[in-house]
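You will see two complexes here that share chain A, one where it goes with chain B and one where it goes with chain C.
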Partner chain A sequence: MHLPDGIVPATVCAAGFATAGLATWYSLRRIGRQEDPQAQVPKASLFTAVFFVASLVHVPVPPVSVHLILNGLLGVVLGWYAFPAILVGLFFQAVMFGHGGLTTLGVNATMLGVPALLAALLFRSRGLPGLEARGGRKLTGLLAFLGGSLGVGLTALILAVLLFTTVPASLDATAERAAIAALVLAHVPLALVEGVFTALVVLFLLRVDPGLLENHRGPPGREPGEPRELAKTG
Partner chain B sequence: MKTSRTARGTAEARLGRAVARLAGFVAGVVGALLLLPSGAAAHGVVLDHRPVEGVEVRAAFDTGEVMDEAQVSVFAPEDASEPWETGTTDERGRYLFVPDASRPGTWTVQVRQAGHGSIVNVTVEEDAGVTGADGFSGGGYGALQIGLMAAAGVWGFVGTALFFMRKK
Partner chain C sequence: MRLDQHAGIDSPVHRWDPRLKLVALMALALSFAFVQDPRLLPAMLGVSFTLCAVSRLPAGFVARRLRYPGFFILMLAAVLPFFSGETVLLQLGPLGLREEGSLEMVMIAGRFISIITVAVVLFGTAPVFTNIKALRALGLPPLLGDMALFSYRYIEEIGTDLRRMQRAARLRGFRAARPGYRNLKTLASLVGSLLVRSYEKSHRVYHAMLLRGYGGPERVRHPFRAGFADAAALVGVLGVAAAFVVAEAI
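For the complex of A and B:
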């Protein structure tokens, strides 16, 4: 799921860095608007560690094997912190394990980070007035599941579009497209697995320390002066 | 008398017809041989062989799973745009090719499949032929190395978390 160096043309790499830069800037700006931007850093750092090692966990989906991505989980749990967390995690994966590459860091960050932010948006909808009244563990679990699946599903879709449109002329396009289709299909079960995993993590956090999820009650970039839940618990 | 002459006459006529048919058949065969494409007329096959110095590329995912049916592009030195040779890896993830010894330099082999792939460089020297290790280097990291790197990375993140958790 991580594009290595030399697979996509240089223009795609450049565009990837541009979008990743933009998304990082916007995320940091939203984080900076919070009353205490550092309050969420420990949680973000721990989930970055989870994301960093998750790519080593391979899930066999015959005939291929895919690895955990967990970008949906990061989006659901971290909100705006998800994009910087994914960027940092991807950097260390590329440098240490050779997963992905430095020239494709921007493309990979966009491919994983933007779906994570959309998953965050989806999960945040549990705080909407109408839903909140009926909400509860079930709704929270369902939204977490959807968010976790959405992260993987959307990432696989972006990857497929990127690869389909950039198959070099020197390759056998039919064989390459068949291989791409097989890879993307293999991510359907993975999306379900990650959805369930995300739901379990969120329900666990809800039970042991709901404060850890509270930053999603309001918009991720809360207005200054709003009560800050995490400072008390942390 | 009359009958025997008649009989001789018919025998000569038959012989004449037979000769005419034979001539026609031979003419037909020769004509057919001339009309056929020259290559198809040859029946002999000449096989020859000579040992050459080639390169074996082995492709596998870092999980150890072989990368079969992956597309291989071989690039000659100083021509990174047009592949010199293309092909696919066999069911054991291997690909064999013989670089053109008259083009010394760094040959580049790219193996890719569905967005996964890597590049390996092969040095070809003018007189020495292909240079490099005799066996496969094994590539990648061992489980212990990966475990240690993962642990070091995780400890870095945990340390960051602890740093920001310390209470003012």
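For the complex of A and C:
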């Protein structure tokens, strides 16, 4: 779900770079406020690589097989690092595979990154005082599901609006609205699958290594830098 | 199929200072995005193909780069000419081939081919690390530069990890093509394990880097030197980019 080069007009490309620049600047500012911003760089980078690779996995959603987008999951596990991670990931996808584009890098980063940040904020609400005590696994799973499907749903909506309001100049308004609705509806099953998938991954992480989920909101888990079991490395 | 496999060729584009090359060719690619007028199409394709010829990149390499994203364009090709516009050129049963839609299609394809060609020349004529260093020298925030270097370093390795895990899952009877909750759960565990593994790896990498002095105040050091020819090429390409924008505006 990336816009390639040459489709949207230059003004949209420029607006995309502007919003992506703003979001990057704000994310970097928030990251800069953390205790040791550089300590998270290897984690964020390796996760960027994981998402890059995992988005190549096919999942069958009858009648077709789809790629997962995983921007919601990225937001959930990376917090403020999600936007820079998406920017870097998209840059490599564009220059290595021609997936997406160079002039549309800003548009694509905004389209995937802003929903990812919203998913991150949503998932963070599980740490709110009242919720933490009652919630537990169910709440975590639910928030992850919402984050995952929100990520894809919102991305599809932005894509559809961009595509049909800017591209075919001579398409009439009713056809435009119908096309947007059709494209968004086509993504509903995908959003559900993505939500379930995100919830499953998060519950897996909660079982195997909860510290990984805690990391972006302070260090109540294990200290960053302390491997879970030294014997299991390698 | 590595991106920078032909970075070792000797050509004027390869010798160009990577910083100036980044600025010039990005501006050129963006100016192509401005082009709406069909009369500018031959000039746009001409400029990008000339650039490609000067860079001496093998034609097959550039063509392969165009193939994959071409699918998206093909999808639009199937829709736009039939639904956009009023002037019907050719009636094919219930569908009419429309002039405006067809023209839009040709323009999209033309811009697409030109921009991708410029992008391939930009990133195919220098090693990826050189380009990231050049971006840093141009003012890319250090955190983004570090993340780019790191991710690039680990994409290959994590890809191998994933393939190994998928092979192991298949050997245990996992069939990826069967839809269902159970399968989704297995895939989720696969991605989860990949995250946990790379999380642990990232700690080890971080410690190794701390030992080698990472984390101090960063200085950008680079070997780039721009001479007269580099600057002249920058001015020339920026001029061409500006010409496209101006020609479009008139």
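Worth pointing out:
The rule we apply is simple: the second predicted complex is superposed on the first by the 187 of 234 C-alpha atoms of A that agree within 3 Å, B and C clash if a C-alpha of one lies under 4 Å from a C-alpha of the other, contacts with A are read in each partner's own complex, and residues count from 1 in each chain.
The rule is short, and it goes like this: a contact is a pair of C-beta atoms (placed from the backbone, for glycine too) under 8 Å apart; a residue touches a chain by one contact, two chains touch by 3 or more.
The model shown is predicted, which means the values in this text are computed figures rather than measured ones.
Contacts of A:Thr48 after superposition on the shared chain: both chain B and chain C are touched. Once the two complexes are overlaid on the shared chain, A:Val193 sits against chain C while remaining clear of chain B.
Using the contact criterion defined above for the overlaid structures, shared-chain residue A:Val201 touches chain C, although it does not reach chain B. Judged by the touch definition given at the top, the superposed model places A:Gly6 against both chain B and chain C.
In the superposition on chain A, A:Gly98 makes contact with both chain B and chain C.
After superposition on the shared chain, chain A has more residues touched by C, the comparison being chain B against chain C. When the two structures are aligned on the shared chain, A:Glu176 is found in touch with chain B, with no touch to chain C. Of the two partner chains placed around the shared chain by superposition, chain B is the only one that A:Leu159 touches, whereas chain C remains out of contact. Contact with both chain B and chain C is seen for A:His58 once the two complexes are overlaid on the shared chain. Shared contact residues on chain A (touching chain B in one structure, chain C in the other): 4-7, 38, 41-43, 45-46, 48-49, 52-53, 58, 65, 92, 96-98, 170-171, 175.
Listing the residues of chain A that touch chain C in their complex gives 4-10, 13-14, 24, 28, 31, 37-39, 41-50, 52-54, 57-62, 65, 70, 77, 84-85, 87-89, 91-92, 94-99, 101-103, 167-171, 175, 193, 196-197, 200-201, 204-205, 208-209, 212, 224-228, 232-233.
Per the touch definition, chain B reaches chain A in the complex via residues 61-63, 65, 69, 71, 73, 82-83, 86, 88, 110, 112-119, 140-141, 146, 149-150, 153-154, 156-158, 160-162, 164-165, 167.
Within the complex formed with chain A, the chain C residues making contact are 3, 26, 29-34, 36, 65-66, 68-69, 72-73, 76, 80, 83-86, 100-101, 104, 108-116, 119, 122-123, 128, 141, 143-144, 146-152, 154-155, 157-159, 162, 176-179, 181, 183-185, 187-196, 198-207, 209, 214-215. The part of chain A that touches chain B in the complex is made up of residues 3-7, 38, 41-43, 45-46, 48-49, 52-53, 56, 58, 65, 92, 96-98, 159, 162-163, 170-172, 175-176, 179-180, 182-183, 234.
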